[in-house]
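So the structure is just underneath, and the comments pick up after that.
Should a chain be cited, it is by its letter among A, B, C and D, assigned in written order, with residues numbered from 1 in that chain.
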Amino acid sequence: MSTDIARIRREVCDLHAELVRYQLVVWTAGNVSARVPGEDLLVIKPSGVSYDDLTPANMIVCDLDGKVVQGDLSPSSDTAAHAYVYRNMPEVGGVVHTHSTYASAWAARGEAVPCVLTAMADEFGGEIPVGPFALIGDDSIGRGIVETLAGSRSPAVLMRNHGVFTVGGSAKAAVKAAVMTEDVARTVHLARAHGRPQPIGEQDIASLYDRYQNVYGQSSDRSAAEGDAHR
Amino acid sequence: MSTDIARIRREVCDLHAELVRYQLVVWTAGNVSARVPGEDLLVIKPSGVSYDDLTPANMIVCDLDGKVVQGDLSPSSDTAAHAYVYRNMPEVGGVVHTHSTYASAWAARGEAVPCVLTAMADEFGGEIPVGPFALIGDDSIGRGIVETLAGSRSPAVLMRNHGVFTVGGSAKAAVKAAVMTEDVARTVHLARAHGRPQPIGEQDIASLYDRYQNVYGQSSDRSAAEGDAHR
Amino acid sequence: MSTDIARIRREVCDLHAELVRYQLVVWTAGNVSARVPGEDLLVIKPSGVSYDDLTPANMIVCDLDGKVVQGDLSPSSDTAAHAYVYRNMPEVGGVVHTHSTYASAWAARGEAVPCVLTAMADEFGGEIPVGPFALIGDDSIGRGIVETLAGSRSPAVLMRNHGVFTVGGSAKAAVKAAVMTEDVARTVHLARAHGRPQPIGEQDIASLYDRYQNVYGQSSDRSAAEGDAHR
Amino acid sequence: MSTDIARIRREVCDLHAELVRYQLVVWTAGNVSARVPGEDLLVIKPSGVSYDDLTPANMIVCDLDGKVVQGDLSPSSDTAAHAYVYRNMPEVGGVVHTHSTYASAWAARGEAVPCVLTAMADEFGGEIPVGPFALIGDDSIGRGIVETLAGSRSPAVLMRNHGVFTVGGSAKAAVKAAVMTEDVARTVHLARAHGRPQPIGEQDIASLYDRYQNVYGQSSDRSAAEGDAHR
């Protein structure tokens, strides 16, 4: 077990650099977590700590109720939401939360991002749905995420007036979903500025989604990612 | 005292790099200052000097009337505004000024940024208010900042046709407020492009603000930041 | 031959860094290929591999039917489209594919970018045209690219609901076209936000295009690029 | 003389990095020149050479008719326009040309940027004016720049359907003007998206301009910049 945790501490730490690189976060407002395989544990960012100061050693290990098991610092204030997702979606190995700009603009209007790009069909299999307005402090956010994703192929949900949560078979897959969410939210936002984006037919979306989930990339990566049931 | 000043020269110098990193400033147009604890002194950027050329040694020490006490260069042309804030807001330990793009766009229209994001409720406790149009050269800008902030929980004010001033218990907190101001000004600008962002209820705003100010981050940071009365 | 392939493996690998530098791609969504001169071969990015992990050695060599000739990984899932272009446009030495943001926004509406900038007249000789909606998996995308470019001076085509394909006499010229496509797609998008961009007359466009293709840059580069028939 | 030229070769070379840093240029589309003091000479970028490959040694020295005096490469294709400005504006020591995005969007509509920001009053002393549509190849562009600037305090002109030219007492001052042009063009573009920016009164603009030109920065810089007659 401790080898797994050491590896996951490093992975979760390193993946935060991708949130910075793709400009999905400012200051300390965004976080990545990963499930520890075979354990009822997750590894997550400490609260309010600058991305520059993250190390594998200061990542926090929590149980799936969000209680700290290892770590001197307080865990992310979003830990309860991450933990709820792991408790209720056994196929999920990683969760990401951001307030990325364009996606949060859709969230502020409470509007789903329509599927008008083949890249959306590939990654999301349709629109990116909107979840409820929920206050931090109990299970409301986690429940909103899980219930919204249950009705969708999308690994991302726009939480109303708040921001983005994404899931994946691994933390890396959840980070990729967060990157793609902002990318397509931006493109579709811009497309709409000067007219009506053309919709893609349901059958074409299904065909693109199916191909991308099963043929894209290297087959070794796809078998490594088996269990990415939600996607 | 001189130890404190040496530490604050470095802190103020280093924090300018955050303005650059978050693209809140171009050329030399933005500045950070900090109060010297227990002294009627402030440390501020020299005027018209490139961010690349800032060093702890070329920061300027002024009294709270803006008169230079230590330093060979002229202080920021905004020193009078910073000094006015320190004279009239004893709880303020740091002040930041930028012309960051989206926030200045709201300022050019003279329009407050409405609170439609949980991140705004957290950091600003409501809308980001607009201060008066004021010319540089006397106390008008400082007075406009102080009077506007007096009626608000927000650590940021949009000065009409001008740009942003933020305050904090420390210079770092004021820089954080400047970063968050641009971030939410951008997101709400975009949200409005395609419809009406959903407002957040007053009670929900108060609850989010209260939690964020008292629970977010590490408790050691929160006690270090005691005296952040404005926030 | 193997010297040529070694050189082209490095060139194709390095040019992907330009896609990243100009922010035309996120994650793994974009690719560059080059024809091997005098051979019925192309060199292309492996599928789903991060730009950070590209090396000359992991580039894939394919024949012009898209079948792998050298390489342990799967080639880009867009290889069939690249190969179709090389089979049908003998003057083309390089092909680039991106989902760059502003260009993809025009593509989502199925709208050509009108020629309202001298830089567009220089590089594209007119508007940037729109190609058909086409699913991945057969020759549809390649055929859509070739048929659309046949009716235009432009080295770029906006594939409907998808993204950008560009061609050039060399892979570097195709990358330049991809960079310029996003640059002008963005400027014209913005120009239209507050009114009607002024059109440039057909004769002025022709005169600018002719001069740029024949006088701009260093004459040694122009002779090196002879055979850039499409441009 | 050769000491001056060596210094100016380095200065012109280095200032191109500022165009890149502030994202005012892509690929090779933008250039800086400087007058050689006391000589009828200018130093300018070679045509079509990547910013990464610029060195003091490959800068081109031309006379004020644009004829190459020193240098193995062809000079920028905009050299005739730069030369025209130096011949006709003896107070100008530096010229910059870019296609920066937001400024070029105003230029595509042929619309001046109105003065609604104190930073515009400071740097431009009013609106940023629009010059005529002009083809490359003779003195049309240079004449358009000079005639437009003659009626304005602004060191920048938006050439219709083309881009930005700026002037300054030094090449660095012209680069600063190019940076500020894009910055305010972007802010005012955004301000207008959601309503009408408030105008600033003529007297306030004059007062801000006068103060900024005479009080901002370090007095040593201001005396070094004497002869910046246009500003």
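Here is the rule we use: a residue touches a chain if its C-beta (ideal position, glycine included) is under 8 Å from a C-beta of that chain, and two chains touch if they have at least 3 such contacts.
These numbers were taken from a predicted model, which means no experiment stands behind them.
Peer 1: Call it same or different for subunit B and subunit D: same when shared residue numbers make up over half of all numbers used at their interface.
Peer 2: Different; most numbers are used by only one of subunit B and subunit D.
Peer 1: As a quick test, compute the distance in whole Å between the mean CA positions of subunit A and subunit D.
Peer 2: Using C-alpha averages as centres, the distance is 45 Å.
Peer 1: If you average the Cα atoms of subunit C and of subunit D to get two centres, how far apart are those centres in Å?
Peer 2: 32
Peer 1: Check each residue of subunit B and list the ones that touch at least two other chains.
Peer 2: 193
Peer 1: What are all the touching pairs of chains?
Peer 2: Chain-chain contacts present: A-B, A-C, B-D, C-D.
Peer 1: How about subunit B: which of its residues touch subunit A in the complex?
Peer 2: 22, 116-119, 176, 179-180, 183, 186-188, 190-191, 193-198, 200, 204, 207-208, 211, 215-219, 221
Peer 1: What residues on subunit D touch subunit C, complex-wise?
Peer 2: 26-29, 46-49, 73-74, 77, 99, 101-102, 104-106, 108-111, 133, 135-137, 160-163, 189, 192-193
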